[in-house]
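Consider the two complexes below, in which chain A is the common component and chain B and chain C are the respective partners.
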Partner chain A sequence: MILDLHSHSIVSDDSRAKVENYCQWIRKKAIPVDGFVLTEHRLYDDVSDYSALGRESGLLILKASEVETDYGHVLVFGVTDALRRTFDFGEIGLPLEKVVHESARHGAIAVPCHPGRTKVGMCAHIETRGEPEGVQVIETLNGGSRGNENDEALALAERKGYHRIGGSDSHIVSHIGRCATRFEDEIHDMDELVAALGAGRCEAIRLEDGAWISLP
Partner chain B sequence: MNMSDAGGKAYEDVEFGEELPEHIPDVSMSAVKRFGEATGMTFWRFTDHEKARAAGLPGAMVQGIMSQGILVSMIHRWAPNAVVHRIDTIFRAPVIVDSRPVCRGVVTDLNDEARSLEIDLTLCNEAGETRVLGTASVELPA
Partner chain C sequence: MDIAALNEKYVGLEFDEVHFDIETEPMVEFAEACGETLPKFTDPSDPDFQAVPSYTARFHGGRALPEGFPIVQEKNFDGGKTVEWKAPIRAGDRLTGRSHIHDIFEKTGRSGGMMFIVHRMEFTNQNDELIAIVDWKMIQKLG
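Presenting the complex of A and B:
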């Protein structure tokens, strides 16, 4: 099962992509994914319901968040109302360890994304703040990465033994599915996704000439 | 005579997912300086590699509105009769003067009633990294 775990819709302030067009694009271009997760910036979209669209298009569409911490940006999968009461998703500079801890306490999982990126990635902050506690999974393949950002993320994952995911980080329709995550299990909902991530039953993959490439 | 015969583009001929012809724009120092003189954007960060590097940039960078203009010109190469109602860009990283960027566009939404379309736009460097991305709302007249 292959899911793009990092995408943004027009609900995010810097994205221009409509979810309907993501589905249309995936089908038109035969992108080999089974679904995607909307990780909106600094909020959880509890208004939009994409279940009918998902059924029509044969894609699993799940919702999550991308929050901003003192160690950079972090994807949160498995957001609940109770978790949202523990910290302000709209705040910039949330303590990473609190986000990781509260997420785990509420059955969610926090995943630092594009860790190799300057300022908004975890690697640079480790140099000045030390190793954060509690991180299990990081994004080692991000579709928007430049230079050696993904290499730095992979090196960090290897050094720390983190599980690895991939996501396109798409902000426009045509960028969906550039990177994704392959799961050993079938994923039907967010609970199963969180469980698979926590167990590390996944790998980061990149789309190249229509075929998925695994990284070491 | 239909619109295609006249050198224009008919809305009916456009498909979801259609790719605009790639374009390699001229972002040489002389072109950037000419653009700067025409728009009053002649700051050293656009026109002087050495000063830009001394300030921590990888080199002099192309003005943001020049990048937008390049993307709009790509749309008009594809459809000279297109009316561009809006262009909305995100500047992820500088486009460097004297580099060889590639601009691309692809149709990602169609509105039959308004005869309008959305086009995804990107400006990438030689390494294939996206420096500027965005969308344009375009109308193709009857």
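Presenting the complex of A and C:
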């Protein structure tokens, strides 16, 4: 089961991609993913319902968030109303340890994304703030990374023993599926996704010439 | 920069009104510059001749921000425009553009913290029909 765990739709302030167009693109270009997760910036989209679109297109479409913390950007999978009451998703500079802790307490999981990225990745902040507590999983393959940003993320995961995920970080339709996450089990909903991430039953992969490449 | 205070003071505040007379020749020039080939955008003799949907992006108001808005010009850059088309613009129309601050928010990126100011300009025609909403994002680097 392969899911792109990091994507943005027009619900995010900086994306021009419509979810319908992501589905059309995946099918037209035969991108080998089984679905994707919409991780909108600084909010959780509790309005849009993509279940019918998912059924029509044969893709699993799930919703999550990308929040901004003192250690950079963090994906939150398994967002609930109760979790949203514990911190303001719209704030920048949220304490990472609070986001991680509250997510775990509410059955969700917080995953620092593009950790090798300047200023908005975890690696840069570890030097000044120390190692954060509670992180289990990080994004080691991000489709928007430049230079050696993904290498730095992988080195961090190896050093700390973090589980690894991949995502395209697509903001435009043609970027969906550049990177993704392969799961050992079938994923049908967000609860199963959170469980698989927590158990580390996944690996980060990237698409190269139409085939998936695993990281070492 | 206290974003919450800026929001409270400025969001929703209308601060500018300007008028534009729509002429045929600039409509055609703009359409051709956009690479349009449809006669309804390029040929004034077409019975459905009208401006291209993004035409209102070319217009500016009398001022970019309300008087007194705290902006540091050397840290400010253009975040682009989004045009929401509502109705056709025809040659001979007289448009009114009214500006207000639609949103102010912060985010972080590779270059650090940024404040986004969304200047919304709503265009109506001589019949008071809403024809376009243009959101212009101005980005102020923080720190």
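Just so we're on the same page, the second predicted complex is superposed on the first by the 216 of 216 C-alpha atoms of A that agree within 3 Å, B and C clash if a C-alpha of one lies under 4 Å from a C-alpha of the other, contacts with A are read in each partner's own complex, and residues count from 1 in each chain.
Everything below uses one rule, namely that a residue touches a chain if its C-beta (ideal position, glycine included) is under 8 Å from a C-beta of that chain, and two chains touch if they have at least 3 such contacts.
None of these values were measured; they are calculated from a predicted model.
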First (chain B), second (chain C), both or neither touched by A:S51: neither
Which partner, chain B or chain C, touches more chain A residues: B
Partner chain(s) touched by A:H171 [first = chain B, second = chain C, both, neither]: first
Touching partner for A:R117 - first (chain B), second (chain C), both, neither: second
Partner chain in contact with A:N148 - chain B first, chain C second, else both or neither: neither
First (chain B), second (chain C), both or neither touched by A:S214: neither
Which of chain B and chain C A:N21 touches, first, second, both or neither: first
Chain A positions touched by chain B in one structure and by chain C in the second: none
In the complex with chain B, residue positions of chain A that touch it: 14, 16-18, 21, 24-25, 28-29, 144, 146-147, 171-175
For the chain B and chain A complex, residues of the former touching the latter: 16-17, 88, 90, 92-93, 106, 108-109, 118, 120-122, 127, 129-130, 133-135
Interfacial residue positions of chain C with respect to chain A in the complex: 105-113, 116
Footprint of chain C on chain A - complex, ascending: 13, 41-42, 68, 72-73, 90, 92, 117-120
